[in-house]
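Per-chain numbering from 1; labels A, B, C and D assigned in written order.
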Amino acid sequence: MPFTISKPMRFGDCDLTGIAYHPAYLSMLVDVNEAMFASFGITWQEIMFERKLGLPTVTMNLHFVKPAVYGDVLDFAVHVRAIGRSSLDLETEVRVRGDIIWTVRQRIVLTSTEDHKSRAWPDDIRAGLSRYLEPKDEA
Amino acid sequence: MPFTISKPMRFGDCDLTGIAYHPAYLSMLVDVNEAMFASFGITWQEIMFERKLGLPTVTMNLHFVKPAVYGDVLDFAVHVRAIGRSSLDLETEVRVRGDIIWTVRQRIVLTSTEDHKSRAWPDDIRAGLSRYLEPKDEA
Amino acid sequence: MPFTISKPMRFGDCDLTGIAYHPAYLSMLVDVNEAMFASFGITWQEIMFERKLGLPTVTMNLHFVKPAVYGDVLDFAVHVRAIGRSSLDLETEVRVRGDIIWTVRQRIVLTSTEDHKSRAWPDDIRAGLSRYLEPKDEA
Amino acid sequence: MPFTISKPMRFGDCDLTGIAYHPAYLSMLVDVNEAMFASFGITWQEIMFERKLGLPTVTMNLHFVKPAVYGDVLDFAVHVRAIGRSSLDLETEVRVRGDIIWTVRQRIVLTSTEDHKSRAWPDDIRAGLSRYLEPKDEA
């Protein structure tokens, strides 16, 4: 079951041709990533400030399928595809009124904000993320 | 020969952990894409407002290799890998003091801003882009 | 009675010192302005695309009283101080847990997006804005 | 003599009506403030990371006189109006082809990033800022 959340295209998210400015999509995706962690009760503030851990994205494959326009509501569905020792593979589909607008496959790696090395997922975060785990069929 | 340009990491490009906020990288990339067209004398304003054409990015594969910090100067090298009828494949490497920080492979498609359908590259734009054409060795 | 809305400080709204990046506050204010119009059933999309009107801000006086940090929830209270022929005077207070964080006095002017001249407020928009009209005591 | 610098209106600085998105102006102003300090050899990185000082803006009075459009080059002229014990009063005019587009009066206060209290300007920064000191005639 994916993590789902909806976000409107705001005035400031559009470019002068009237469609989404793609860097604004990435900013929305950061918010969506953050909201997924909050959904199982672990905030990024706690992760960053108390646990001294960071969540850098290391790869991102984006497909922009159709433009979204001002006022559209974007429905995000985030699938957790794999949870490694310190990595997290996400696949996110973004729809407007049922049509896919853009998709992204993304790998996040848990790192220490002190030595910048990777860290194993703590059990409570791993359990939270597992709620959305849905490995892709390799049929 | 790639198109090259350098851009500093600005205060506002950093996140609260002190490193680059990745949506800010995408915003820089838009500026770099724009500057490449301007380098052969064809501005995006002319393309958008006079020729009624747009340059949406349709795919983007990003690798974030190392973090950049406030004050770093990012050296962009944009290689044109292929110019199709209406598509443009770019591969960009971003370095700080010689080390690769992030890379992106990107496909742009020329479209009409009126009917949103693809258009063939006009000869003058194709000639300009060809200056940076450097197909990747498939060795 | 002011128009009220709450917005969290997002990860991307913070600067590298950990507090709000002030341009991000202005972006939030645009969203708050937009939401106030939507609250009486007139969207900015309708104003901009159907009525061919724009809502540029012409003056803004900002006071930043205390810093807000990542995770704070900002409570906005927007007072309509005056509605002129084509102008709108707003005064907005932004609080975190009851403490004022920043304030802004702002004048917006309704203009045509075709000739860029000012326009009188249409009756329905004037009626909607009047819901929040609360002239300041000049005691 | 003011500190002067020019910045182009970038694609991403425009809103969907084709003119500047005002939060983007504030982001440019941060860059201009930063460049003024760099002009006398003291970077914000040094101020923030080595000296543990911050430069929050506490008030800003903005007037947006005329819209700027994509491709315009904005010419900034920053006048230092007063340097207090820990405050700095700036007045900035922004022109396009000689016409004033927007202006801002701004107060910055030097603070410790450790206890968040104000600090007196160090002599070297005060000397640098004094280069642009030009008190306003109160005629």
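Methods note: a residue touches a chain if its C-beta (ideal position, glycine included) is under 8 Å from a C-beta of that chain, and two chains touch if they have at least 3 such contacts.
Quick caveat, the model's predicted, so the values are computed rather than measured.
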item	value
C-alpha-based rotation, chain B on chain C, 0 to 180 degrees, nearest 5	180
Pair of chains joined by more contacts [C-beta pairs], C-D or A-C	C-D
Reference chain A; chain at largest CA-centroid distance	D
Where chain B and chain C are represented by their mean Cα positions, the distance between them in whole Å	35
Separation of mean Cα positions, chain C and chain A [Å, integer]	29
Intercentroid distance (Cα basis), chain D paired with chain C, Å	23
For chain A, residues contacting two or more additional chains	11-12, 16-17, 21, 23, 27, 30, 48, 70
Residues of chain A that touch chain D when the two form their complex	11-12, 14-18, 21, 23, 70
In the complex with chain A, residue positions of chain B that touch it	16-17, 19, 21-24, 26-27, 30, 48, 54, 56-64, 67, 113, 116
List of chain C residues in touch with chain A within their complex	10-12, 27, 30-31, 34, 43-45, 48, 70-71
